[in-house]
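A, B and C label the chains in the order they appear, each numbered from 1.
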Amino acid sequence: MADTKSGRFASSSAAISPLVQSPENLECKNFQEYLRTRQTPETLEKLYNYPPICLAVYRELPEIARQFVIRILFVDQPVPQAVVTSWGAQRVAKEQMEATSCLTALCVWRVTAIPGGLAAWELSPTFKKSVRQVLLGGGKPWAMTNTLDKDSKPRDITFLDSYAMSRWRCVLHYMVGTGGRNGGTDAEAISPDAVRILLHANLMKRDERDGITITRQGFQFLLLDTRAQVWHFMLQYLETCEERGISLPECLSMLFQLSFSTLGRDYSSEGMNSQMLTFLQHLREFGLVFQRKRKEGRFYPTRLALNVTNKDAAQASTTADEERMQERGYIVVETNYRVYAYTDSQLQVAVLGLFTELLYRFPNLVVGVLTRDSVRQALRGGITAEQIVSYLEQYAHPNMKLVESAIQSKSCLPPTVVDQIKLWELERNRFTYTEGVVYNQFLSQNDFVTLRDYAQSINMLVWQNERTRTMVVQKNGHDDVKRYWKKYSKSGG
Amino acid sequence: MEIPDVAASKEAEASIDLLAIVLDTNPSQQIVRQNPQNLTQILEAVIAFGNAHLMQKAQNKLAVLSCSHYTTEFLFPLPGRHVELRQIDGQYEAFSLVEKTVKQQLGSILMNAPRLSAPCESLLAGSMSMALCYISRLQRNVPAGVKMHSRILVLTGSNECASQYMTYMNVFFTAQKLGIVVDTCALDKTLSLLQQGCDITNGQFLKVNQLDGLLQYLLWVFLPSPQMRHKLVLPPTPKVDYRASCFCHRELIDIGYVCSVCLSVFCKYSPICTTCHTIFKTPGPLPVKPKKKKKTDKQI
Amino acid sequence: MADDEQDDQKEYRWETGYEKTWEAIKEDDDGLLDGAIAEIIQKAKRKRQADKTKQNRLGMMRHMFIVLDCSESMSVPDLKPTRLLCTLKLLEIFIEEFFDQNPISQLGIIALKAKRAEKITELTGTSRVHLKALAGLANVSLTSEPSLQNGLDLALKTLKVVPSHASREIVIIMGSLTTCDPVDINLTIDELKRERIRCSVISLSAEIHICRYLTQQTMGTFGAVLDDAHYRDQLLSQVDPPPAAKTQDNSLIRMGFPHSKNEVEGKDAPLSMCMCHIENIDEPSELSTTGHHCPQCNSKYCELPVECQCCGLTLVSAPHLARSYHHLFPVPNFEEMPYESVPPAAPDCGSLRKCYGCIKVLSPVTDKSVFKCGYCKQFFCIDCDIFVHETLHACVGCNTIPGVAGLVYQKQGGKAASKAAGNMQQQQQQHQQQQAQMQLPSTSKQRSQFNM
C-alpha cells in the first residue's frame, strides 16, 4: 500500500516538471529550426529545386558546415566520411559533429556507400545543382527578373523606407489598439487576412467581451526588433498559406528572391501566376514591397524584405549616412533608472508604458522611470527581463552608443540598471507553499503511473518523480485520489 | 570552455569579411606566354572564388584589383559605374554583377595595353598598397558596433622583383599593424618575399603546380576566414628564414656588421660603408695584458 | 635672465607658435570647440611632417631613458584621473610605438621618488619588461619633491658606457615646479653636454627655466602640455628618431642573425631552455624546441631583438632592420590643391573624380582640398594622404606606375634599397633550392583525393 504523508510541500516555481502546466512564451524560430521541425525530407527535396531557397539554406548553415559543402560542391564522387572528419581540427570535434548532424537533418547531404564498403557523404543532387546554378550560372532566371522599361516615376530608398515602416506600424498599432481611435495619421485598419494570421499565431485572441485583444505572446512580440517581428510574422503566414491554396515552395522561393534583391531597384511581376500575385498583394499590405497600383507590372522590395532571416546583414549594410534616414534610436537610460524617449509615436509610448512608469509627456519627449512595480507588472504579463533589456538596447539613442565605444563595454546601457532588471526578475523565483500529501513506496510502476495520471486528470497533481515513484497531491484532492486508489486496487492489480 | 567559443563564433557570424584579391594580369608572366588561355582559366577561377566568398554571408564584401604591366586598376567595385543588369540565367544577380564587371573592365584594360616589347615586372607591392588604402577607407566608414575583418589574396605567376623590397616590407608591416592578413597563391615560382609577408601577417602561402585544380585549391585553403582557420586542417606553414644577406657577396650570414647610419649589412669589417660612404671610427688597438712568466718552467 | 627672454622670444613654441590663439579658436555651429582644437593639432602634425623630410641622417639605434617624476605634484587631478595614472597609460602607448618604429633601440625607466632616483628597469630592447614595471608603478605613494639632478646623474652613469654609435637620449616628464638637488645642477648639465646626451623635457605644469636651459644646452626639445590629447601628441613626437648629432660616431656594429636549425639538419631540433627566462622567478624557462639560437654561443632566446647574455652579441632579424628603413627614405609631402584641379575620369566612368588610392568618389563638399604627389602626379584624398605618410610610408602612385620618376626618391637613399633588395634575390634562389627538395605533404594528398 502506498504510503501517504501530509504536510506542507514547498516547491520552487523555477523548476517545473513537464506535466504541470506552465504559461507559454513566444517562440521565435530561425529558418533552420523551421525547416527541421516542420518539413519532411520529401518536401525538403521539393524545396531544393528552387535556387533562392538553397542559397538561403546555405547561408543559414553553421560555418564549418558551409566550408564542407563548398569543398564537395565541385566533386562528383561521394567523399568518404573518414576524409570529411579529417578536415576539421581535433579541438573542434564537437562543433564538427553539430555541423554534420545539421547537414543530415536538413537533407543537404546523405549517406551512401562507395565501392570498398566505406560510408561516404554525398550532396543531394538537387541541392548541388541549385547551388552550382546560383554560383556559376546556367538554368532558368528567377521569376521576377524579367527586363523592364525604365520606370517613369522611380522611387528612391527614402520613400521606400518610410512606406515600409508606416505599413508595418499599422499592424503593430492594431495590436496595441491605438490605431484609428485617436484619429492619428496611421488610421488605416488592416485587412482581415492579417487579423487571421495574428489570431493563428496566438498574438491576439478573440474574446467574447472585448473583441480581439492582445495576448501575452503578443506583448513579447512587440518588444522584438522589427526584423525579428517581420520574420516571425512571415513564418506564421507560411504556415497558413497551404490553407489558402498557395503552394509553399513557390511562396518560400518568392520570399527569398525578395530577400536577396537589391534595394532601390524595381522588379517585374510579369509571368507570375495568380497565387503569387495574391502573395505579392499581401506583402504589399505588410510593407515588404511597394507597388503603385495593383495591376502594375513592377514592384520595389523594401528594406523589411531584404535579408529577412539575417539581422546582422542588415545592420552591417547600413552606412553612417543611411542610418540617419532610418529609424534612429530614441531612448536614453540613465543610471538613476530614468528613461527618456524622444518620440511622439503612440505605439512607442504604449510599448514603453508596458514596463516603465510614465511620468511626464511633452510634444517630443516622454519621461518615465523604471521602478520595481512597473517592471514586475511587465514580468507578470509574460515579458522577460532579457526582452526588456534588448528592447532598450535596440532603440538606444546614438549618444548612448558613443559612451559604449568610449568605455568599451558590451552593452550601451548602464550596467547597474541592467543588473537590477535581471534581479527583479530573479526575485520572482520564490518558494510557494502548497499543502499536499505525499504518495510513495508504490509496489509497481503501473500502479504509480495509473494513479499519477488520474491525479493529473483531476488537476490535483502538484509534483511527481517517475524514478523514485513519488508524487504529491493537493490536500483537497486527497480524498478523491484515495477513493480511486481503493477502487483500483480492489478491481485489478 | 564552451561559452567563449560560442560567443566568439556568434561574433564571427555577425562580422563583415572583406576580401581583396590582387590578380597579376601581366602578359609577360611565363604561364601566360606559354598559353594565353591560362589567363582566362585563372580569371574564371578567381571570379568563382570571389562569388563563393560573397555567398558565405550576406554582409561579406569583395574587391578585385588587376596588376598589369602598365597600370594597376580596380576591376570591382567600380563606383560611379552603373551597370543595368538583369538575370539571364539562374545565377544570383549580385554574382552576375561581379562576373560581368570584372570581365568587362579587364577586357578594356587589355585592349588599351601598349605593346609589350620586353618582359616587364609586375608592380605587385604597389597594388597591395592600393588595396590597403581601399581597405582602410572601408574600415573608417564601418557603422558603430560592427566589426570588419579584412584580408588580401595575391595571385601571381611572376618572379619576385628585388627592387620592390622596400615597398613590400612597408606593406607587410602596415598590414600587420592593421590586423590585415596577407595570403599568397603562387602559380609558378616560389616567392620568398611574399612568403615572409604571409608569415609576418599570419597568412597562408600556397604554391599551386597545376592550373586545372586552381579553383579547388582556392576554395580549400583561402576561403575560410582567418578567424576560423584554426578550426580546419590546412597545409602547414614552412619556417621562414629571416637571416639577412650581406651586401658585398649576397650570401646569407649568421653574424655580420651593420652600419649605424644606413643599416646596411656587411660580412666583414671595412673602414668605409659602401652605401652611405660614412667613415667609421676604427677601434683602437686592444690593450694587451703583459704575460706573466711562469717561474716553474724556467727554473728547472 | 632678461637677455634670455629676449633671445627666446621666438622659441616659446607654445606661445608664439600659436599666435593670439584666442582668435584662432572659433566655435562651430553647435557652440563646440572640439573641431577648432582638432584643427590646431592637425596643423601641428603637418608642420612636424614638413620638418621631418628635411633631415637625412637620423640616429637609428637609440638608447633612451625615461625619467618619471613621482612626487606629490603628480597626484593633482588636472589630467584625469591623476597626472601619474594618465602618464602611465600614455607611456604604455609610447613604449609600444617606440619599439614598433625603432626595433633595434633600447629603453630604460627611472623614477624620481622622494628626492631620490630609482632605476625601475634597465636598458632593454623588449617591451614586456617595461610594461610590467609600469603596471607596478601605479600603486606607488607620491610624496615630497623630485630631484632632477639625481635622476640625471643616474641616467648619465648608465648612458656613459653605451657605445658611441648609438644616440643617447633622456626624456624627462616633470610634474612639479621645483627640484631639490644636492649640488649645483649646472655641473650635471655640462657633463651631459660633454657626453652628447640629448635631453628633452615634457612639463605637466608650467615651464621651468632650468628645464628649458637643460634642453637648449643638450639640443633637446621642451614642451608643456595643454590637455591629455596634446600630451599624447608631445609624447609620441619623441618616437621619431632625432637628427643625428654632427659629432655622433658612426661605426659598424656586430650583430647576429639567428635562424632555426630544423631546415638545415632535417631532424627535429633538440629540447632546450631559453636564456631570457632563466633567472625569472615568475615565468620560469620551459623546455621547448622552438626559439632563436645565438650563432656565436648557441644559447636560446624567445624573442628578438635581444642582447645575448652569454657572449654579448646583439641578435636581430632582417625585418627588424627593414622596419627602420622608412625613416631613411620617407615619402615626400604631397602638395595641397583645390578640388577643381583633379581631372575628371573617363566619360564611361560617369566623369567622376576619384582618389587614386582608395577610389573614393571626391565631392566638392567633403573634399575641399586634395593632395597631389609631385612625382607620380596622382591625386589623393585627405585620408589617404594621412594613411600614406603616417602608416604606409609608400606612395601608391609612385609604386604602381612603372617608370615614374618618383621612384627616383627611393633610389636616392637608394643604393641601400637596391642592395637590400639584392639580398632578396639571393635568398630567393637559396630558398628555391631548399624548397625543391621539400614537398608540402598535404597538398599532394589533397590532389590524390580528388584525382585532379
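Just so it is clear, a contact is a pair of C-beta atoms (placed from the backbone, for glycine too) under 8 Å apart; a residue touches a chain by one contact, two chains touch by 3 or more.
In UniProt terms the chains read A = General transcription factor IIH subunit 4; B = General transcription factor IIH subunit 3; C = General transcription factor IIH subunit.
Note that this is a predicted model, so its numbers are computed, not measured.
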item: Centrality ranking, top chain (CA atoms only); value: B
item: Taking each chain's C-alpha mean as its centre, the one farthest from chain B; value: A
item: Separation of chain A from chain B, taking each centre as the mean of its C-alpha atoms, in whole Å; value: 44
item: Between chain C and chain A, distance of the C-alpha-averaged centres to the nearest whole Å; value: 53
item: Mean-CA-position distance for chain C and chain B (Å); value: 25
item: Chain A: positions in contact with at least two other chains; value: none
item: Contacts with 2+ other chains: residues of chain B; value: 216, 220, 233
item: Touching two or more other chains - residue numbers and ranges from chain C; value: 450
item: Chain B-facing residues of chain A, complex; value: 51, 55, 58-59, 62-64, 66-67, 70-71, 74, 86-89, 91-92, 94-95, 130, 133-142, 145-147, 260-262, 307, 310, 312-313, 315-320, 323, 398, 401-402, 404-405
item: Chain C-touching residues of chain B, taken from the complex the two chains share; value: 67, 69-72, 74, 78-82, 120-121, 123, 125-127, 129-130, 132-134, 136-137, 140, 160, 162-167, 169-174, 177-178, 189-193, 195-196, 200, 206-207, 210, 212-213, 216-217, 220, 233-236, 238-239, 241-245, 247, 250-266, 269-270, 273, 275-276, 278-281, 283
item: Of all residues in chain B, those that touch chain A in their complex; value: 2, 5, 9, 12-16, 48, 51-52, 55-59, 86-96, 99, 141, 143-146, 215-216, 219-220, 223-224, 228, 230-233
item: Of chain C, residues touching chain B in the complex; value: 57, 60-61, 100, 164-166, 244, 249-260, 262-263, 295-296, 313, 317-319, 321-326, 328-329, 345, 348-350, 352, 354, 357-361, 383-384, 387-388, 391-394, 396, 398-402, 410, 413, 415-428, 430-432, 435, 438, 440, 442-443, 446-447, 450, 452
